[in-house]
Every structure is written in C-alpha cells, then in structure tokens.
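Presented sequentially are two complexes of subunit A, the first with subunit B as partner and the second with subunit C.
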Partner chain A sequence: MWQKVSNLDRRWIYLGVAICAALPLILEFILPIPATPPVKRLFDAIENMPPGHFILLSMDFEPSTMPELLPMAYAITQHALSRGIKVGFMTLAPAGPGMIEIVLEDIRKAYPDRKYGEDYVNFGYKPGLSAVILGIGEDIHRVFPRDAYGTPLEDIPMMREIHNYKQIDLVISLSGAGYPDAWLLYANARYGQAVATGATAVMAPLYYAYLATGQFVGMLGGLKGAAEYAELVRKAGYMRIPEVQHRVGVQMSSQSFVHIYIVLLIIVGNIAFFFIRRSGGR
Partner chain B sequence: MAISHDPWVWAAALLTLAIYSFLYKDNPFYKFAEHLYIGVSVGYFLYFIIWQQIVVPLIYDPLKALFISPFHAKELLIIPPLILSIMMLGRISPRHAWLSRWPMAYVMGMGAGLAIPAYFQTNIFKQIEGTIISIPPATIEIVTTYYLNKLLVLIIVTCVLLFFYFSREHKGALGKATMLGRWFLMLGFGAAFGYTVMARVSLLIGRLDFLLHTWLGIH
Partner chain C sequence: MRRRGPLALAFIAGVAMIIQFFSPHPALRTVYNEALNWYRIISAFTFMLGLISLMRSHITKVTHKRAGWGYSIVTIVSFIVMTILGFAYGTGAGTPFDKMYEYVYAPLGATVFSLLAFYLASASFRAFRARNIDATILLVVAIIIMLGRVPVGSFIKWGKFSLPGLAEWIMAYPNMAAQRGLLIGIALGAICMSLKIILGIERSYLGRGE
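Right after this comes the complex of A and B.
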C-alpha cells in the first residue's frame, strides 16, 4: 500500500491542491487574520503621519506577482488617501504602469473627493533603477520632468513643494524582485530615507534582517501581509473598496486550506518513505 | 452566477486554462499560450522599453534639440554618453569589439563606485550594528524578551559564521558550535521553503479566483 502511495501520479496531487484552493473561494468564508508586528509597524508609520505629508509608492512589480502585491497597493493607497496623505505612484518595473492604472481606476471611483495632482500623482515608469533612485535624491522633477500622462511636473500643484527625499516622508517599494534592496542601498543608506516594503512571500525571509535593524520601517510579506494590512485598514474605518479586502481575506482562507493539505502530504510521504525503507524496498 | 461578457476576460481565462493544461500533459494549447506569451513579452519590451523609454526620450529628442540649438550646454551633454553608447555597439563586430571596453569600463567603474559604499553601509555595518544593538524595546514589559532575543541572535549568528570557518577541523567545542550552526541554517532553509510554497500557492489562488470569480461569476 505504501508503495502505491509513494508512486502516486502527481496529477492527483495537483487535483487535490486545486480542490483545496477552490473550495474556500466558492464558499467565500474568511478565517481570522491577526496583524503581525512587521505589518503593524508599517500601518502605524502611515497612521501617525500628519495629513498633507507625502509617501512615494513604488509599484515595482508586474502581472506575474499581481495576486500578492496588488492588494497591498490597494490597502496602502486607501489608508493614505483616507488620512489625507498625498501619494506619488511610480514604478521601476517595465510592466508596472499597467499595475498602477488598475489601482488608480478604482481609486478615482472610490475617492471622488481626492483630486489628481492635488492628492495623488502618477509618475509612471522610468528605466535605470539606481540612477532613478539616486536622481530622486537630487530632484524628482529632473527624473520625471512629466507625469505618466504628459503633464509637466511644475504644473502639478502638489509637486510644487516636493523636490527630493527631504519632502518625501516614506518610500514603499512593492516588489517580487530585488527592487527594495536598491531602495535600501541608494535611498536609505545614502540619503537616510525611510523605506518600507511589500514583498512576495519568496522575498520576505530575506528582508527580516533589514526589518530587525530598522532599515525597513515595516514589511508586508506575501498574500498574508496584504490580508493583514487590509484588515487593519478595514478595522480603522478607512476601507472604501471593501471588495478588495473581502477577496484577499477569502484568498487567505484558501491559502490556509492548501497549506494544511501540503503538510498532510509531507507527513504521509515521510511515513510511506519510512515503511518502504523498513520493508527493504527502494 | 453571472458569466463575464468581457472578451478580454474570456481571452485571459482561456489562456490561463491553456497554461494550466500542462499539469496534465504537454499539449498544443499549452504550446500556443507559451509562444504567444513570449511574443507579446518581446514586443512589449521592444516597443515600450527600447523605443518609448530609451530611443525617443534619451536619444531622438535630445538629438533633435541639439540640431535646433547646437551650442546650448544642456543639449551638448548628450554627446559623450552617445559616443559611449555607439562604442558599446562595437561588440557586434569581432574586429571592433575592443571599442566596447571603454563604455564597459565606465559602467563598471561608476556602478562599483556607487554600489560598494552603499552595500557596505546597508549589508555589513548596519547588520553588524543590528546584531549587537538592535531596535530598543518600546515598553518595559518586553525588556526580558528583548534581551533573550538579542542573546539568541548573537548565538545563532556566531554558530552559523563558525560553520563557514574551514581552517580548523570541526571537532570538540568548535564541532558542537558548527553542528548548531548547521541546524540553524536548516531552520532558515525550512522557513524560506515555507515562504516559497506560500508564494507559489498565492499565484495559483490568484488565477483560480480570477477564473471562478471574474470569469464564471461564482459568488
């Protein structure tokens, strides 16, 4: 019997994963999502920021990591705009402009009281990574002479007093690659800029070391981090797009189901391995 | 249940199913989706990155401005990087490949000059400082936990570093410390693997949610 388990066609395992992932999505139930300290630290950083201050949200990701990072962008943007904090959107990833537009499309509908150019601005994409980050330290108007829609930055009211990191209170890099490292290297180490990150779960373990030293103000790790932040924003009464928080909550339930399934597979696989070895099989 | 009427949602859903069909076995639908993805990616890269973000704003527009006002200092600044860029293209011909060494030397020199001090500051000095000092506790209640954590960090960092010390045989006290270091490394790998599983599952959930919720409209 254990031999059969050991030789199970992997397509059955895939089917099991698909069922475990789909069930919570169909039944739409949400398990409790308590906030962890790294998420709480980022939430507090924005929560304690006086209205009128400015955060730079660098959406350094592409569609491949959208399920984890897009909910973070929604939650952070809603938190900031609800508190009257100005937001600048930019991206260092080539397919990032599309990600920004997805968020802004919903934000325009949910926040008719917040005006483009006065409360938020979209700088768009700029190639050059380190040159861009260093350039913002000198003058953001030189790095982005125009916004993503072609308007000169000097004609955008909220950008008249924002020139470099001295006027930027927090940079948040949402990324599934090494972009947050670049923000640490060139914005934090060189200019002392406060930096936080929202990273995919693959990248998150690497960033705990920077979190422990305070180099990152806070961190959202993967879908779990996004769900925790969205829940904090909902509890604080800032959520104007509840659908996003609901979906990310349902997705986390799905995640928990699949994790339980994988843990069971690991246990069964190990038991099978030991029994086969004991009976002299290979 | 309200199935989407958006043709783009249908296109995305069918392409998602075509990609996932590979899990059953390789098939023409998967091959089609794979080739389409590569073609679209290359097209996007060539037009959006190379043409729209580099050629037009960094070469064509400044050259046009230089042609209109040839003695304007700002426009003249385009000439040195333009020459270096053209020299970089020397790599195409083996006879002129040596030309690319100059721009390459410039890029490496500038990159190293910018990155090395910042890298040391971020990954060496701050990390050593964090191992010793760390963030102070916010409240008096967690002081004990704070010092316990600090002690733990110090022990783990020392043991893991000793594991990579190969100039003496790992025996006696050193052997015990390196054995501990190996266990700590295994714990680290385990945590990283757990996070990787979580990331991959998240991507699957994102696609499934799209298929069930956005495409099929199951609420």
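Right after this comes the complex of A and C.
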C-alpha cells in the first residue's frame, strides 16, 4: 500500500495543486498579512521622505516574474505619489518597458492630480546594465537624453534639477534576477546611493546579507513582501487602486493553500518512505 | 599581433579603469565617461548579434526539419509580427505592439513560470526524504519556511514565538551567514578572475586555440 502511495501518479499531484491554487481565487478570501521588518524598513524609508524628493524605481523584470513583482511596483508607486514624492521609472530588462506601461496606465487613471513630467517620468529601457547604473552617477541626462516617449529630458520640468545620485533619494530595483546586486555594486558602493529591492521569493534569501549590513534600505521578498507592503499602504490611507491590494491578498491565500498542500505531500511521502524502509524496500 | 593586440587592449583598459576609480582628475573623468558611452553602444550591438544568431539557429532548424522545428516557426513568426507592429505603429501605450505584449506575451510568460509550482509539488513529494540527519534538518527548515512565509503561518504561535518569526529568524541569521560566505567567495573569485584577464593569464575570452 505504501509503495502505491510512494509511486502516486504525478497527475493527481498536479490536480491537487490546481485545486489549492484556484479555490481561494474563486472564493476570494483574504488572510491577515502582518508586515515583516525588511518590508517595514522600506515603507518607513519612503514614509519619512519629505514631499518633493525623488525615487528611482527600476522595474528590472519581465512578464515571467510579473505576478510577484508587479504588485510591488503598484504599491510603491501609490505610496510615493500619494505622499507627493516624485517617481522616475526605468528598466534594465529588455522586455521591461511593457511592465512600466501596465503600471502607468492605471496610475494615470488613479492619480489625475499627478502630472507626467512634474510628478513622475518614464525613462524606459537602456542596454548596458553596469554602464547605465554608473552613468546615472555621472549624469542621468547623458544616459537617457530623452524619456521613453521621445521628449528631451531638459524639457521635462521635474528633471531640470535631477542630474545624478546626489538628487536621487532612493533607488528601488524590482527584479527576479541579479539586477539588485548590480545596483548595490555600482550605485551604492561607488556613489553611496541608498538602494532597496523587491525580489522574487527565490532571490530574496540572497539579499538578507545586504539587509544586515544596511546596504539595502529595505526589501520586499516575493508575493508576500508585495502583499505586506500593499497592506501597509492601505492602512496608511494611500491606496487608490484597491483592486491591486485585494488581488495580491487573494493570491497570498492561494499561495498559503498550495504551501500547506506541499507540506502535506512531503509528510505523506516521508511516512510512505519510513514504512517502505522498515519493510525492507527501497 | 592577433593575440597580443586584444591582450594589450584588455591590459590598458583594465589598468585605466582601476586608476580612474581612485583619482578625481578631470582627464580621467572624461576617459571614464567615454568608456561608459562605449560600453552602452557595444551592449546595444550585442542585441543585434544575439538576434541574428537566434534567427539563424531557428531558420536552420526549420530548413533541416530538426526535432521541434514547428516551435521554431512560431518563434520566427512571432519575431516578424512583433517587429512589423513595432515599426509600423510604435511601441507606446495602446498600440498593437503594446496590446500584444500585455495580452499575449505577459500572460504566456507568467503562465510558463507558474508551471514551476506543479513541478515543485511533484518533486517535493518524491525527493524530500528524511534519509539522514542532514536531509531531516533541511526538511524541517523547509517546512518552517514554507508555512512561515504565507499568511496562514501567522496563526501558528507558541507564547512569544510565532512561525513567521521563526522563519524570519532563519532567513536573517543562518541563511544570511551561509549566503554571506558564498558572496564573499564569489567576490574574491571575481577579483582574481579580473586580475587574471587584465594581466593576460586568463585568455579564454579570445576564443579557442592559440
């Protein structure tokens, strides 16, 4: 019998995952999501920033990691714009410009009082990774002579006084790859720029070393980090796109169910393993 | 000369970049800014190379009808369609390119990545076995992290201790210590490799053969 359990057809396992993932999405229930210290640190950094200051949000990701990272972009942008902090969007990922457009489309509707070019700007994509990050330290106008829509940077009001990291209060790199490392190496180590990150759950463990040293101001780890940040933004009364916060909350419930299911699978698999080994099998 | 030229170039460029890092002299700042410009331009050209290489590889696959050549047709057609849409209508918000990105490429990318959950569940069931002490520790830690990193974990508490708190402690201390060791090792390796390239000891970047 245990041998049968141990050799369970993977299609049954897949079916279980599908049910556990879909059920909370259909029933739309949300579990409470308390904020962890790395998320709180990033929230406080933006919360304590005076209005009129500037953050650079580098959306260094592509559609594959969108479910985890896009909600972070929404939450951070809403937090910053609601507090009157200016936001510059850019990406180091070739397929990243579309991600920025998805966020900006909703931001334009939710923030009619915030003007493009005065409160936020989209620099778009530029190849060259380290050269781009180092170049911003010298002069962002040289790296991005025009914004993503072809307007010269000197014609954009908010960019007249922003030239390099001295005028950038915080850089946040959202990524599922090694881009945040590059921001640390070239922007933080070379220019002393404050950097924070939003990473996929797979990448987040790597960055605790940088959090401990204070090189990262704060970190959002995976969908959970996004959900925690969105909850903080909602509680502070800055949430203007509630659908995003609701969606990410429901997705976290879905993730909860799948995690419980996987833990149960591991326990059952080990019980089967124990009994098979006791009976002399492999 | 074919060997010495690139080696000399790598040496001069490497040493110049090291010197400029420690000097604020205006001449070196100019060299540095120019080097950054060159780097960005060369990076843009690598895209073209990658593109040509990708298309050549898929066209060869289709013409020779190698295994999976049907997928290569999809790649080629997708590339042509997106290129035409991009050049004809632009890539801004609301353009056909943008619609294709948002409603085709983005959901497909996310779907492929989400398949990992299914494989992860199957692999966990088959491979996560408490065969010895090491594997058992890994197993217990994995369960704590898996439950502690989702909202349902916040319901599991013992007095002052909670599962998310324990998961966060594991991430912030044992995990961080291990990651820090790895990162220091990687950084030292990168420094050694850079020095070997600058000094001409490591020559694999020149290609095969002498």
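In this text, the second predicted complex is superposed on the first by the 282 of 282 C-alpha atoms of A that agree within 3 Å, B and C clash if a C-alpha of one lies under 4 Å from a C-alpha of the other, contacts with A are read in each partner's own complex, and residues count from 1 in each chain.
Definition applied: a residue touches a chain if its C-beta (ideal position, glycine included) is under 8 Å from a C-beta of that chain, and two chains touch if they have at least 3 such contacts.
All values derive from a computational prediction rather than experimental measurement.
Following the overlay on subunit A, a clash is recorded for the pair subunit B and subunit C. Considering which of subunit B and subunit C touches more of subunit A, the answer is C.
In the overlay built on the shared chain, the residue A:36 is in contact with subunit C alone; subunit B does not reach it.
When the two complexes are overlaid on their common chain A, residue A:25 makes contact with subunit B while staying clear of subunit C. Of the two partner chains placed by superposition, only subunit C is touched by A:129; subunit B is not.
In the overlay built on the shared chain, the residue A:138 is in contact with subunit C alone; subunit B does not reach it. Judged by the touch definition given at the top, the superposed model places A:105 against subunit C, while subunit B stays out of reach.
In the superposed pair of complexes, A:222 makes contact with subunit B and with subunit C alike.
By the touch criterion defined above, A:269 reaches subunit C but does not reach subunit B. In the superposition on chain A, A:189 contacts subunit B only, with no contact to subunit C. In the superposition on chain A, contact of A:67 is made with both subunit B and subunit C.
Touched by subunit B in one complex and by subunit C in the other are residues 14, 17-18, 21, 64-67, 94-95, 126-127, 130, 134, 201, 204-205, 209, 212, 221-222, 224, 255, 258-259, 262 of subunit A. Residues 29, 32-33, 36-37, 39-40, 43-44, 46-47, 91-93, 98, 101-102, 105-110, 112-114, 117-118, 120-122, 124-126, 128-130, 139, 142-143, 146-147, 149-154, 164, 168, 171-172, 175-176, 179-180, 183 of subunit C are the ones touching subunit A in the complex. Against subunit B, in their complex, subunit A makes its touches with residues 11, 14, 17-18, 21-22, 25-26, 28, 64-68, 94-95, 125-127, 130, 134, 181, 184-186, 188-190, 200-202, 204-205, 209-210, 212-215, 221-224, 247, 250-251, 254-255, 258-259, 262. Across the interface of their complex, subunit A is touched by residues 23-24, 44-45, 48-49, 53-54, 111, 114-115, 117-119, 121-122, 126-127, 129-130, 134-135, 153, 188, 191-192, 195-199, 201-209, 212-213, 218-219 of subunit B. Subunit A makes touch with subunit C in their complex at residues 8, 10, 13-14, 16-18, 21, 31-34, 36-37, 62-67, 94-95, 97-98, 101-102, 104-105, 126-132, 134-135, 138, 142-143, 149, 201, 204-206, 208-209, 211-212, 221-222, 224, 227, 252-253, 255-263, 265-266, 268-270, 273-274.
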